[in-house]
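Each structure below appears as structure tokens.
First subunit A sits with subunit B, and in the next complex the same chain sits with subunit C.
Take a look at the complex of A and B:
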């Protein structure tokens, strides 16, 4: 059986061809003609929406798609692993509070993505969860902060849901998407997760070193999972994922469903903000996404259609040859092949450059928290 | 109480058993580290061409599953010779089998599709890695399936088979580990995931060979390649994660050599602001697979035409006999 697809865009080959030619113009005319190629759709965002979670956020796009992310942390016993050098281990225990570097483990974060209409083992939620997880884990800073002492750690559960929900659990991050997605939901989920993690707090630790952990029960004393410094330029922030598509010579960010239906290639780029060590945003993960345009129906040129005065080719081999000849005539043919390497580096550059898309998105999300 | 238990047979303990874990190895402290494998080939040297004492070259063979419309088997040899002092192999090799069913008509109940419906299933055999995989696909395997699908979708000319389905089934018989077995982090299957990139590149190459074998229309041959960056900033091609303790970023690509295009890109880790070099490294590694794929293509074409000639000759003879 065919796996469930993102809600399919019902556009005819003629409409697809028209949409593509407008997007290929210079400057491109987008589906929403008021937007430029780098403009994001407007959205409403709020945080601390779930009282029972360590951090949460909700973002709603104007088309009705919305995502809810809850971050929940639990204390969990670390599994003790035998290590050959007992001496080394003792030294570690002494230094553990000063240096929790590289102690975090990937399994300390668990992400679940729920999208209505999809089972949790369908390709889309699995792909979204793994992309979000790997971008969060890439820098190592987050998982190291989950270290409490040699015997205990936080487990973070992130639950993401949509019409879209995200659930972050052990650090459980749960994302819950509340409505069926009307466009590729990756960017929306990632921004919501970013906001939830940015505002999530862990209870302040009162105990020392290897004691059983004891926490301050005053929520006001809780520390931020992503610590805030006064000079906000260099602090570590969770990464965001930006979706970019290439169509003809143009590159378009945050494409909507209809635009994706004519994309030549789609790239998801996860980037973290600039830190003290690097002035520009850093890439933490890049993936290509299979554009839905590969699944669109090819158009039939008039000359091959008996209803419009053409002649239907006699054999299927002949039909194939004629089709190939019409490939560049404006009759819609689903795109083939992949992305040129130069195009990839061009997209990446537009994202990470100073004042680029990544910086813009991260600072916009930061502004939500301040305001 | 005892009446309920089966006393005629010797039963396994009800709670299961676990292997003993020793707090301290019997050997000297440095012993474990002395087993750690190191990369012996140069940073730009590919795995397959590496000549070790008893290593072999990459094996890629098509037509291994007679009942499938196309199939292939890939074996990338282990990079280090097994050591004399331990029974545990220092590094793993990569063994992947792919089979293709179709193009075949979709079931009547399926909705209309104007293009070929591609289904990719990637499954590790339970014994493929040190950490046992279950029989049901876990999220890592499903994710690999999505990546593979993206790599193949751009290559196959799907519009030529409306209302048809194509199933690509990949079984990984031996997969690359995420880290060396002696490291703490290697345990429990929750590793860094560097090994998966190698597996994906292998899957892409072997699936491409199987598609070739099934004679499905494609725009080009897609080949997989991997490159990584170590903590000291060195770029290595086809890294074997067990040999590197400190990978910071890695990248797998599905590369179309004659079009110079990338259908699948999976890059993760801290690459900084400019991943171009890493991507280029991965495409160089993919070029190595391309040359193997070309050889295999020629070989299988040769066999196919030979078989076809023989069949037609036999038919000719038959005609003579009856005439």
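Take a look at the complex of A and C:
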């Protein structure tokens, strides 16, 4: 049997047309009627769920989709690099510390995404893992903190356990049913990774400089991977990816599967929080995602349907010209083309502006951590 | 607040669940090892090895033993001496005469296969549909070639279970003006609830009327509650009788014009909003573990409209509460009001 296809949409043209017409209204009527265009689906989050990991988090959506992330750090011998070591030997202690700032390597972090129903070399998990890795590395900071000394470093393994469908019965029972995710899981996985990294701790280092590393046994003395500062505003936090979708004149955040099926374009925006250098949220990376709507079959207008008294066009060229006439009626036509520049800048602005979506998401995740 | 993130909630206390529907044991002297509201049994678990009990649904007795073993994961029910296990999640078991909503999975030479949330796909033969141009029209080879103009993959339809085969696959028919292709609305699935008499909490109950028209502020909307847990909410279809000057002979003709249309009519924004609202409320009802039927949908819908109007007056924004939140609020008010 062919593997399940997440991108495959199995909605009828009439449903797609209805969904699109509701989402295009002003204000848009979302699939979940109670939500506004900027609203995220309500979710349940918790951290420190895996006792054996350095950091872990779990976020569950109301529809049962759930993500579990574990962060595991191991000490690994650094590869000897001639140029870097030569500098180190020449430099004095202060310079050595400064040098450590840019010592991190991309290979020190490994991310694996596992989604039920997908092989680990399928396109979706690989793409999700690379997007998550990309945003984490692009925000800087993280890989440098994995530096222990010139000979050793931490190797970070981030395991993003896929999205389960969890059925919670009315009693205190949980039945885990593995099933493919019910919507594009990037934003969910990213938020869970954010929370896991935010709460990850590494054992405190007791040894000096270039000695073989020796760590404090006491877990209470462990230091946070993302150090907490008293002034809560300017501390560095991992980036988080927000999914935005354009449909007609409207921009909708955190779309569900049915909404994605009628999207004109989908943007994944990774953003980090405001730091001392910038007063607003920063964009780390932006990627477009091919929406599944491009693959949907077009609806057949009544006038071209022999079952409704119409006449089937003789040639495909004739069919195409006739379809153009029905672009804005109740006939579903899959969206074509990409995103306009103006639209991208509009979405980016909504994300990073003061009190924008990025700030909301990061502060909501921070609130979970504070408890 | 656009983003709402909460810590995991404590499970709902067992006291909230009513066990009134299960006939309680008449005699208290025989105690069963597995009892109590919060206990569930898993497949393969021994329920009891006492020979005084009889096995019911969801249980199994291996040959030459008296041990009753559960075959599903669910709650144990006992009715006098009968032990049955009600599964937490179940697929729909088709029965003849059920009104179901289905989605076309594949098109074959003379039939369609339809997903009706049953363990196996149902089939809809070409001979079991109304062909455009009247019931009496003969099915021709041309119709077989044009099979995709009637239904193609992904299309939704409402049909009746006509017959069951030996392996419990259902055969459907749409030979009535009530049945056929669905359009102008939204599809919702309450999967895993079983459906029918065996309906779990949060499923559609088999009732006298599976389709009804809901009066809303913006206009009438049709709700089709498939016994299989698939639900379709759509703009009200003007029936041919509404149009006075249509004679009974041409009635067929008028209907057949739009019978297999995959084009939506113009739907007013207000009606579209109410359709989405009803569909969201139905999902909320299922999330709250309520049985879904006409009565509760009408009551919850009216309560939700009232609630929104009040919030608008108060100036507070009731947004982002989620489907479950709204339904919980409405149900709370309904219970307080009696």
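Keep in mind that, in the parts below, the second predicted complex is superposed on the first by the 331 of 371 C-alpha atoms of A that agree within 3 Å, B and C clash if a C-alpha of one lies under 4 Å from a C-alpha of the other, contacts with A are read in each partner's own complex, and residues count from 1 in each chain.
The definition used in the following text is that contacts are C-beta pairs under 8 Å (C-beta built on N, C-alpha and C of every residue); 3 or more make two chains touch, one makes a residue touch a chain.
Since the model is a prediction, treat every value here as computed from it, not as a measurement.
Engineer: Record, for the superposition on subunit A, whether partners subunit B and subunit C clash or fit.
Structural biologist: Partners fit side by side after overlay.
Engineer: If you stack the two complexes on chain A, which partner ends up touching A:210: first (subunit B), second (subunit C), both, or neither?
Structural biologist: After superposition on chain A, A:210 lies in contact with neither partner.
Engineer: Per the contact definition in the header, classify A:144: touching subunit B only (first), subunit C only (second), both, or neither.
Structural biologist: Once the two structures are laid over each other on A, A:144 reaches no partner at all.
Engineer: Could you look at A:308 and tell me whether it touches subunit B, subunit C, both or neither (first, second, both, neither)?
Structural biologist: Second partner only.
Engineer: Does the superposition put A:74 against subunit B (first), subunit C (second), both, or neither?
Structural biologist: Neither partner.
Engineer: Touching A:288, do we find subunit B (first), subunit C (second), both, or neither?
Structural biologist: After superposition on chain A, A:288 lies in contact with subunit B alone.
Engineer: Could you look at A:344 and tell me whether it touches subunit B, subunit C, both or neither (first, second, both, neither)?
Structural biologist: Only subunit B; A:344 stays clear of subunit C.
Engineer: Once both structures sit on top of one another, what is the angle subunit B-subunit A-subunit C taken between CA centres, to the nearest 10 degrees?
Structural biologist: With subunit A as the vertex, the angle is 120 degrees.
Engineer: Using the superposition on chain A described above, determine whether A:297 touches subunit B (first), subunit C (second), both, or neither.
Structural biologist: Both: A:297 reaches subunit B and subunit C.
Engineer: Identify the partner contact of A:21: answer first if only subunit B is touched, second if only subunit C is, both if each is, neither if none is.
Structural biologist: second
Engineer: Could you state the shortest Cα distance, in Å, between subunit B and subunit C after the structures are superposed?
Structural biologist: Across the overlay, subunit B reaches subunit C at a minimum of 8 Å between C-alpha atoms.
Engineer: Could you pull out which residues of subunit A sit against subunit B in one structure and against subunit C in the other?
Structural biologist: After superposing on chain A, subunit A residues 297 contact both subunit B and subunit C.
Engineer: Spell out the residues on subunit A that touch subunit B in their complex, using ranges where they run on.
Structural biologist: Interface residues on subunit A, with respect to subunit B: 1-3, 79, 81-87, 105-107, 121, 123, 126-127, 129-130, 134-135, 138-139, 265, 267, 278, 280-290, 294-298, 320, 333-334, 336-341, 344-345, 348, 352.
Engineer: Across the complex, what residues on subunit C touch subunit A?
Structural biologist: Residue positions touching the partner: 1-9, 11-12, 14, 16-17, 37-38, 40, 73, 75, 88-89, 103, 132, 146, 149-150, 152-156, 181-187, 192, 201, 257-267, 269, 272-273, 275-277, 279-281, 283, 287, 289, 318-326.
Engineer: Quick one: which bits of subunit A touch subunit C in the complex? Just the residue numbers, please.
Structural biologist: Answer in residue numbers: 9-15, 17-19, 21-22, 25, 29-36, 38-46, 59-60, 62, 167-173, 175, 177, 253, 297, 299-302, 305-309, 326, 329-332, 357, 360-361, 364-365, 367-368, 371.
Engineer: For the complex, which residues does subunit B have touching subunit A?
Structural biologist: For this pair, the touching residues of subunit B are 21-25, 29-33, 106-107, 109-111, 113-115, 117, 119, 137, 139-140, 142-143, 145-147, 149-150, 153-155, 157-160, 162, 165, 184-185, 187-188, 190-193, 219-220, 251, 254, 256, 259-276, 279-280, 283.
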